[in-house]
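To start, the structure under review is shown below, and the notes come after it.
As written, the chains take the letters A, B and C, and residue 1 is the first residue of each chain.
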Amino acid sequence: MNDTEIRTIFLEEIGNIAPESDSRKLDPAADLREALDLDSMDFLNLMTAIHRRVGVNIPELDYPELFTLDGAIRYLANQLK
Amino acid sequence: MSADVVDFRMPSLGADMEAGTLVEWLVKPADKVKRGDIVAVVETQKGAIEVEVFEAGEVAEILVEPGARVPVGTPLARIRTSTMAEAAGERPRASPEIVAAPPGALSRPQSLSAAPAGVPRREGGRVLASPAARELARSVGVDLAAVVGSGPDGAIVREDVLRSRATSEVKKPLGLDLGVMREAIAAAMARSKREIPHYYLQHQFDVTAIETWLARTNGDRPPAERLLFAALAIKAVALAVKRFPQFNGFWREGRFEPSAAIHVGTAIAIRGGGLAAPALHDVDRLSLDELMARLRDLVQRMRAGRIRSSEIAYATITVSSLGERGVEALFGIIYPPQVALVGFGTILRRPWLVGEDVQARSVLTVTLAADHRVSDGHAGALFLAEIGKLLQEPESL
Amino acid sequence: MNLAPDALKAPAGGGGLIETTYREAVREAIREAMLRDERVFMMGEDVGRYGGCYAVSKGLLAEFGPDRIRDTPLSESGFTGAGIGAAMAGLRPIVELMTVNFSLLALDQILNTAATIRHMSGNQFGVPLVIRMATGAGRQLAAQHSHSLEGWYAHIPGIKVLAPATLEDARGMLWTALLDPDPVLIFENVMLYNMTGQLSAAAGAVDIDKAAVRRAGEDITLITYGGSLWKTLAAATALESENIRAEVIDLRSLRPLDDDTILRSVRKTRRALIVDEGWRSGSLAAEICARIVEGAFFELDAPVRRVCSEEVPIPYARHLEEAAIPQTSKIVAAVKTVFGRS
């Protein structure tokens, strides 16, 4: 799975949680929680969805690495290698 | 339909009333009564007060003779009701609103018109409803306390009853009307601030232990099975309220009706604006995992605007958290006719004294907004302390 | 005007429609009565040579002569008393009082004599008298000529009180009133005299004891009479844009009140608003409100509201006069409050 595929899946799942968000306008370095008004329940649901979609079980300790779009893609790419 | 015999009890006609003297009976055995009928006169420190009955049926037996002084809650008479069987039972005061029924099992229709559904319109402790609305509600069995009014001065009019009834009969998921929701929030909150004498308490607790416990617990679990602190907080409130029932129930018709069931309203922000506080039912009887699953499902559907009418059932107390917004403390406005709201701030790392040493600890600010007509600050402080104690012993949850 | 299809329909019979005014309709009613019954005569201040202060009786002196169209001195009590005597003695007088304000000078005759003789005489005498008078504001005639006191008269047992608001009623109520064995007072709103419209050439007597539904609606009953009818109908039309379908009742008779028509409508719409140019306190509107609450309380879906005149002597200045009395905009605003809208 390449970065583009990861990015597409990640943005799809964000879209399920924050349907009104516009992924094209998302700053890849911005904190998603701030940019998209995600709370801990939203974030947990995002992690659950990613686990289901790509099989990566992200421990809570690693959550901070996925707070940005760039960070999330990087993290998932590493895990999927 | 079936007949049941329920007790008509000495009501609490004020937060400070312990006992009252029965002055006069206005009914006798075999008399028919309906909800709202004045059946007796009771003497209190505040003077003679006419007491209404909340059941429809027939007076089966008079238990207390005029002149007797009895404690609040003492059965005064027995009423053979003709209401739904589930409306009778072990509840302390036989009022159909506080039936502890699971979602979907309620035969009583509920309003879906907006978030704080079940907001009663009251002036001087009475539901403000037109005569025609009352007549219709009686004939079709709609509880006016569950109807949001749209008439003059916010009064419930006929159409509101019809809408409430129609809504309750709709089983398919419905979208939410954020405009209507805003209006309902405005009405409920304005009414709350107008009518409920709030008092506010705040306490800070060291929750490092429960954070550690939570991290350890979640460490072994895939995301789908992880717990959030919110679930622990809701559970702690539900368990604490068992010991402090004066924070669980409703202020209605000028008095407090405690609820045996513990349904925790959970304030959930709606994307696009708005707020709803659907109830998680019987929280005290749920395991943490069950509670978390329910909460997760509820939040997801609520956020997406898919809500079931059964979820707008009565909460008996509300929990609110703005933790993710980074505020240290929030002071809530009580959802009428509830009598308390517990607020959780965000957990912050703070210098904290452990013994004589200053340490970095996780500190949580918990607040209580409570109705002074029902409880006092002392009880509130003990209630908050109980929540804090439970939060420091995760195994107890 | 948007009227209920049947409400103002011309009575059956040929003759087609004629263009006329309320004033001419009243005059035609007087003429017809004079022609049909030689016991009928009319008297009042300036009704003869001057043709009536609102020109209602213009031309009648020439047609019927001074015995039947009689100018009187400025003495309301005197000539009203004379009319009572004539009626008791077998004639059928029409007494014209210039305005309801001046009728107070004849109040003793109306209340203590006309309304009570049948009772006081043990039914030996009746007073088949008709008194017509102008009422209402809007012509900048100031506080001594502009009041609406018909509600006071509607308080009095022993008389009937009518308020024709349409051409048909202006044309048709007089004859029926003259047939009545007891005194009948007819109040003509000054703003209606110039109203033009189509009237059947065959128009004639109408009943004088039933209210009329002038516009059918489902959501609220607007109850009014006289000059306020047209403002109320205009309000009902304006309320369509608010999606409020108003029913409009023209009381026609202020005493007796047609409770059946009022209550039937209110039981249907469950809301009521009364428009009355009288002052609010102790008004006819208050009486109607009380009857609705007595008779339809459990059907009501909103408090009964009223649009009445401000409690001031009617001002002279036009803008103040307009502000003092019910207007279409006030009615629309009041109706919206009944629906909890601002």
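Note that in this section contacts are C-beta pairs under 8 Å (C-beta built on N, C-alpha and C of every residue); 3 or more make two chains touch, one makes a residue touch a chain.
What you see is a predicted model; the values in this text were computed from it and never measured.
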{"item": "Chain separated most widely from subunit A, comparing mean CA positions", "value": "C"}
{"item": "Pair with more cross-chain C-beta pairs in contact, given A-B and B-C", "value": "A-B"}
{"item": "Euclidean distance of C-alpha centroids - subunit A vs subunit C, Å", "value": "78"}
{"item": "Approximate Å spacing (C-alpha centroids) for the pair subunit A, subunit B", "value": "37"}
{"item": "Averaged-CA centre spacing for the pair subunit C and subunit B, given as whole angstrom", "value": "57"}
{"item": "Overlap residues in subunit A, where contacts from two or more other chains coincide", "value": "none"}
{"item": "Sites on subunit A touched by subunit B in the complex", "value": "17-20, 33, 37-42, 44-45, 47-48, 50-52, 57-61"}
{"item": "Subunit A-facing residues of subunit B, complex", "value": "215, 218-219, 222-224, 226, 228-230, 269, 271-272, 295-296, 299-300, 303-304, 323-324"}
{"item": "Subunit B residues touching subunit C - in the complex, by the definition given at the top", "value": "130-135, 150-155, 157-159"}
{"item": "Subunit C residues within the subunit B interface of the complex", "value": "270, 297-303, 337-340"}
